[in-house]
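First subunit A sits with subunit B, and in the next complex the same chain sits with subunit C.
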Partner chain A sequence: MAHFEKATSVKDWLNQRLAIEKVEKVMASEYWIPKNINFLWAMGMVLAITFALLLVSGIFLLMYYQPNVETAFDSVNYTIMQEVGFGWLWRHVHAVAASVVFLIIYIHMLTGIYYGSYKKGREMIWISGMLLFVTFSAEAFSGYMLPWGQMSYWAGMVITNLFSAGSLELNGIVEWLRGDYVPGQAFLNRFFMLHVLLLPLAIIGLIGIHFAALRIPHVNNQDGEEIDFEAESKKYLAGDKAGSKVIRFANDFMSKDMFVLSVFLMFFFYLTFFQYGFAMDPVNFDPADGLKTPAHIYPEWYFLWSYEILRPFSKDLGLIAFGIAQVIFFLLPFMDRSPNVAPANRRGPFKIWFWIMVVDLIVLTAMGKLPPAGIFNTIGLIAALVFFALWISLPFITKSEKKL
Partner chain B sequence: MEKSSRRGFMGKAFGAVAGVGAVGSLVAMKQSWDPLPSVKSAGFTEIDLSSVEENKLVVEKWRGKPIFVLKKTAEMVAEQGADELARDIIIGGSHFMISIGLCTHLGCIPAYREAKKDFQCACHGGEFNASGIETKSPPPSPLVIPPFKVAGNTVLLGEEGPEYKKMKEAGVVA
Partner chain C sequence: MKKELVILSVVVAFSLLTYWLVEPFAHSQMHPHVESQGFEYKGTTDIEEVEHKIAQIKAEHDRTSDPKAKAVLEADLKASETRVEAKKAFWKDVERIAALKGDASAGEAVYANCTSCHMEGAAPMGGVTPPDLKSSGVLYERNYLIGLIKDPAMVSNIDHKFSAERPHPMDSVKYMVSSDEDIVNVIAYLQKIAPKQEELTPEVAFQDACGRCHNVRYNNWTLIGEKKKFKDKRDELAFDIKKLDAEEGITGYMGKLPPDLSMYIRSRGEHYISTFVEDPQQLLLGTSMPRVGVNAESAEKVIAYLEEAGDPKKAERNRVGMYVLLYMILFIIAAFLWKKQVWKELH
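Showing the complex of A and B:
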């Protein structure tokens, strides 16, 4: 057995048993962050807190929600919204956070793409982040089923039908996923389980991996500069704080994180209290009806870009295009052949690639919301083709990039 | 050396035990997700066709899915081709189109347009004619005809009658 001495304080007692001082150093005060960063580096913290908001509001919703096709709709729209004290608050926080979390995820991803924070040792950060994106998407979709309104039902119908894999007609898989011929009790119950247990567990695990993936390569900086963290942290600890290129994670970097967070929270609660309507589709205030399709089915705004990639093609081609669009971002670190880790504006053609991609994603999102007719169809088709053209061209334009 | 081979054996033994357990539990997990027997057995619906009006779409329900019943007018019957005729269910001289009312693209319910005598799906813009044959993509195939059995003026959905089997032989239904 290890040797223990009589403790001089509670802290010392804990220290001998849990090494709390060492842990604090490793996790916070001697976890080094470059100085050369901007507010976009705070998005990770903003996401962590948004996840916490989802978790807390979700716990309160869970106490009154009933996963039953007869009672689910009323348990949300009557019990939680009208009877439970502040029930409306939890629901609106949950709905708004579910929407806003994707806005921040997209900003976080585009920041990573812009600054090249996915290569030269940072591949696992990117890949674990993409896994989080996919799991969050599944979490958002499964949660969307639960109020059992018209959009819940029909989104469930359409999305589970994707698994028949087009002309392969694998209807057995679709019925297996649903536990019924159509979305029903079995379907609602299993998506409830996924939403409140399995997927949140996976998300928490992946967040751990995402953070762990940061430790060795460290956070990127605004110039993509390769920093000798060992040397710079020694300089800092020796007292040369001004000359060192790094600062402590806590409390130094955290203070900036927390400032950005407070701006975000003001924006978030403005939406929650005054503009929550954008996160609550009016069609979903009609109870699920398997004999009536809503006039126009569309997903929440954050899925529109990939939905629009599915839409303009024939069924099989659309499914293949959709499948590729879902996973292509995983390959980014390997399709970017350039040795440079630098912001896009210094990388020549990649700068143009980046901004076309941003505009294309916005166009796809806008077209996904509009009815599939006339000129919108054509614009959507062009935007979808541009999306694939960008990915095909990426290895070539980055290969020819000059070394900085 | 002897020790490490003993460890190797124990490792392999554990691997075998764990493998058998993993496969077994996957079988159980897969079957727990299967549709329940009660869901599967509640799959029959009887539809009375005697009161159906011409060119007015009637929507019934079978296995939770909408069923389209459309009685064609004499004019529609006269105009249609052989591929459409092959899909007609003829009862007492009247031609009926009966199909599952879900678009074969991703399962939305197409709407019937009486003036144009066709179906249009609001989700992705697919269209079908009055016999349920796709006329505008993305749907890749005609509306599905459910298994049916004709008995007098009614059809029983969920059971394969001689007329359905004939369609099956002709390749009209899968």
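Showing the complex of A and C:
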């Protein structure tokens, strides 16, 4: 057993038992971040805070929500939205944050792709981040079931149907997933469990792994420069703060994060109070009705690009394409064969690849919402084919990239 | 700093483009915009609707070569042409009668014809309960009331649901009040006994115009009246049974139970509800919902009532929202100053 002495202060008492000073150094004041970064590097913090908003608002909603097909809709739209003081605020915060979190996730992902932050030792950061993306998607989908509106019901129907695997017609799996022939009480209960327990636990665990994965390779910077963190941090501690290439996580990096966060929160609360329609689909304010299919069924905006990869093809081909689209981003670190860690604008053909990918994802997103008819169908098909062409070409164009 | 602003503008531009594509643009493609006709009820859209159908049938007829299909289309065409002529004649009649001036005291005698069905606590007829007419003079547009007495199915734009063999439940009015003078006189009388527009509350406007078919459970409204708190469980069950019976009747008449409108202000929005009430066929072709004929003021009251049912926290939301945004401005300033202070030594 370790040797303990009579403490001289509360801090000392805690130090002897929890090493709080050491922890503070490791986690904050001597956790070194490159100085050469822009506001896009604050997206991690923005995401952490948005997740916290989701967690806190979710706890409040959980106190009144009733996971029952008879009462779920009214418990959300009447009890929470009308009877409970400021229940509407928690619901709006929860719904808008669930949508905005994906906007930030996509910005965070595309930042990583643009600056090559998934390469040379940073592969696990990328992979754990992609796992977070998938888990967040499942969390968003399961949460979307809970108000038991028309879109909840029909999205649940459509997505669980995918597991019949097209022509294989594995209807047993679909019934097993639903616990019924159609979405019903068993279905609502299990998605409720997933949404409030299993998936949040998984997300919290994955966030831990995602942060841990940053420790050894360190945060990337705007030029992809390999920094000697040891030497640069010594320089900083010796007093040459301006000359050092690194800064403390707290308060240096944190103060910048907070500023970016404050601007983000302004935008977020504007949406929450005044412009929430994009995150709270009007159709879902109709109670679930198994006998009435909505005129247009579409997922929330953040799933539209992959939905559109499913849609323009025949049943089986579409499912395969959809399946590939879900996992292909995981493989990015291995499909990019270039030796360079640098922003895309210095990487020749990859620069073009990146911007086509951004535009293609936006086109897919738009076509995923529009009715699949006429010109929109054709554009969607082309965009889906471009998506795959981009991935197939990636190893070739990056292999031929010159070493910078 | 300049570089960060360039990056920010790229991020914002792509985000806004995506937003515009999936929200305003996509919705404009999915839901064609319908303009209000000002609640004047002149039959313009009714006639256009059938003319549009005629054009469609003709185009289909030109495309197909199958003689059997052609014959079906020709029959369709003939029926639609008859229908459009009937509509034109009907709305012309309405226009003619509207020019006449009514005499309320002469109308009182005509009104006696109405009270055999229309009274407080009336019994359902053919599935629907005839409304008490106390507020109808202020609730409904004059043109609509003229049309309603002239031909109820036609003015409601649900003539496709009825025929000589299956007449509209109020069809007999055509024979009871048939002269042009009687029509304008009885309307003058209805307007005389009605409360003033400013006395008509949103609640009464909704209950009289919509509430005989639609439940609004968030306001405790049922199609047989307000559901009050019951002390005795048996009384509550008796009320519920009465409500179920009424729902069954209306389901039989309409084909399906008209939806509960509690959340319609959020699921459909103000513009949709307003234009739908004016002419349901414009937004949902073939629907069995009749046009109810409210005037512009009453339509606003109906919407106010629905907002109270489905979005009563709107004022609170806007107020709290302003405070939060003001606080966020202070937060931004404080965060900016802190960042500047910390980074002074780092540059």
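The rule we apply is simple: the second predicted complex is superposed on the first by the 404 of 404 C-alpha atoms of A that agree within 3 Å, B and C clash if a C-alpha of one lies under 4 Å from a C-alpha of the other, contacts with A are read in each partner's own complex, and residues count from 1 in each chain.
By definition in this document, a contact is a pair of C-beta atoms (placed from the backbone, for glycine too) under 8 Å apart; a residue touches a chain by one contact, two chains touch by 3 or more.
Note that the coordinates shown come from a computational prediction; the quantities given were computed from them, not determined experimentally.
**Q** Taking the superposition on A as described, I'd like to know which of subunit B and subunit C A:N161 touches: first, second, both or neither.
**A** A:N161 contacts subunit B only, not subunit C.
**Q** Tell me which of subunit B and subunit C touches more residues of subunit A.
**A** C
**Q** Should A:G277 be classified as contacting the first partner (subunit B), the second (subunit C), both, or neither?
**A** The second partner, subunit C, only.
**Q** Have a look at where A:H296 lands relative to subunit B and subunit C in the superposition and call it first, second, both or neither.
**A** both
**Q** With the two structures laid over each other on chain A, which partner does A:T365 touch: subunit B (first), subunit C (second), both, or neither?
**A** Once the two structures are laid over each other on A, A:T365 reaches subunit C alone.
**Q** Considering only touches as defined above, state whether A:R17 meets subunit B (first), subunit C (second), both or neither.
**A** neither
**Q** Scan A:V182 for contacts with subunit B and subunit C and give back first, second, both or neither.
**A** Once the two structures are laid over each other on A, A:V182 reaches subunit B alone.
**Q** Of the two partner chains, subunit B (first) and subunit C (second), which one does A:K234 touch, if any: first, second, both, or neither?
**A** In the superposed model, A:K234 contacts neither subunit B nor subunit C.
**Q** Would you check which partner chain A:Q82 touches, where first means subunit B only, second means subunit C only, and both and neither mean what they say?
**A** Touch partner of A:Q82: subunit C, not subunit B.
**Q** So which positions on subunit A get touched by both subunit B and subunit C?
**A** On subunit A, the overlap between the subunit B and subunit C contacts is residues 295-296.
**Q** In the complex formed with subunit A, which residues of subunit C make contact?
**A** 3-4, 7-8, 11, 14-15, 17-19, 21-23, 25-26, 29-30, 217-218, 259, 262-263, 266-269, 310, 312-313, 316-318, 320-321, 324-325, 328-329, 331-332, 334-336, 338-339, 341-343, 345-347
**Q** State the interface residues of subunit A toward subunit B in the complex, per the touch definition above.
**A** 154, 157-158, 161-162, 166-167, 169, 175-182, 184, 186, 190, 290-297, 311, 313-316, 318, 372-373, 377
**Q** In the complex of these two chains, what residues of subunit A are touching subunit C?
**A** Answer in residue numbers: 35, 38-40, 74, 77-78, 81-82, 88-89, 92, 103, 107, 241-242, 247, 251-252, 255-256, 258-259, 261-263, 265-266, 269-270, 272-274, 277-278, 280, 282-286, 295-296, 301, 304, 358, 362, 365-366, 369-371, 376.
**Q** Which residues of subunit B touch subunit A in their complex?
**A** Residue list for subunit B touching subunit A: 30, 33-36, 39, 43, 59, 61, 63-66, 104-109, 122-125, 137-141, 174.
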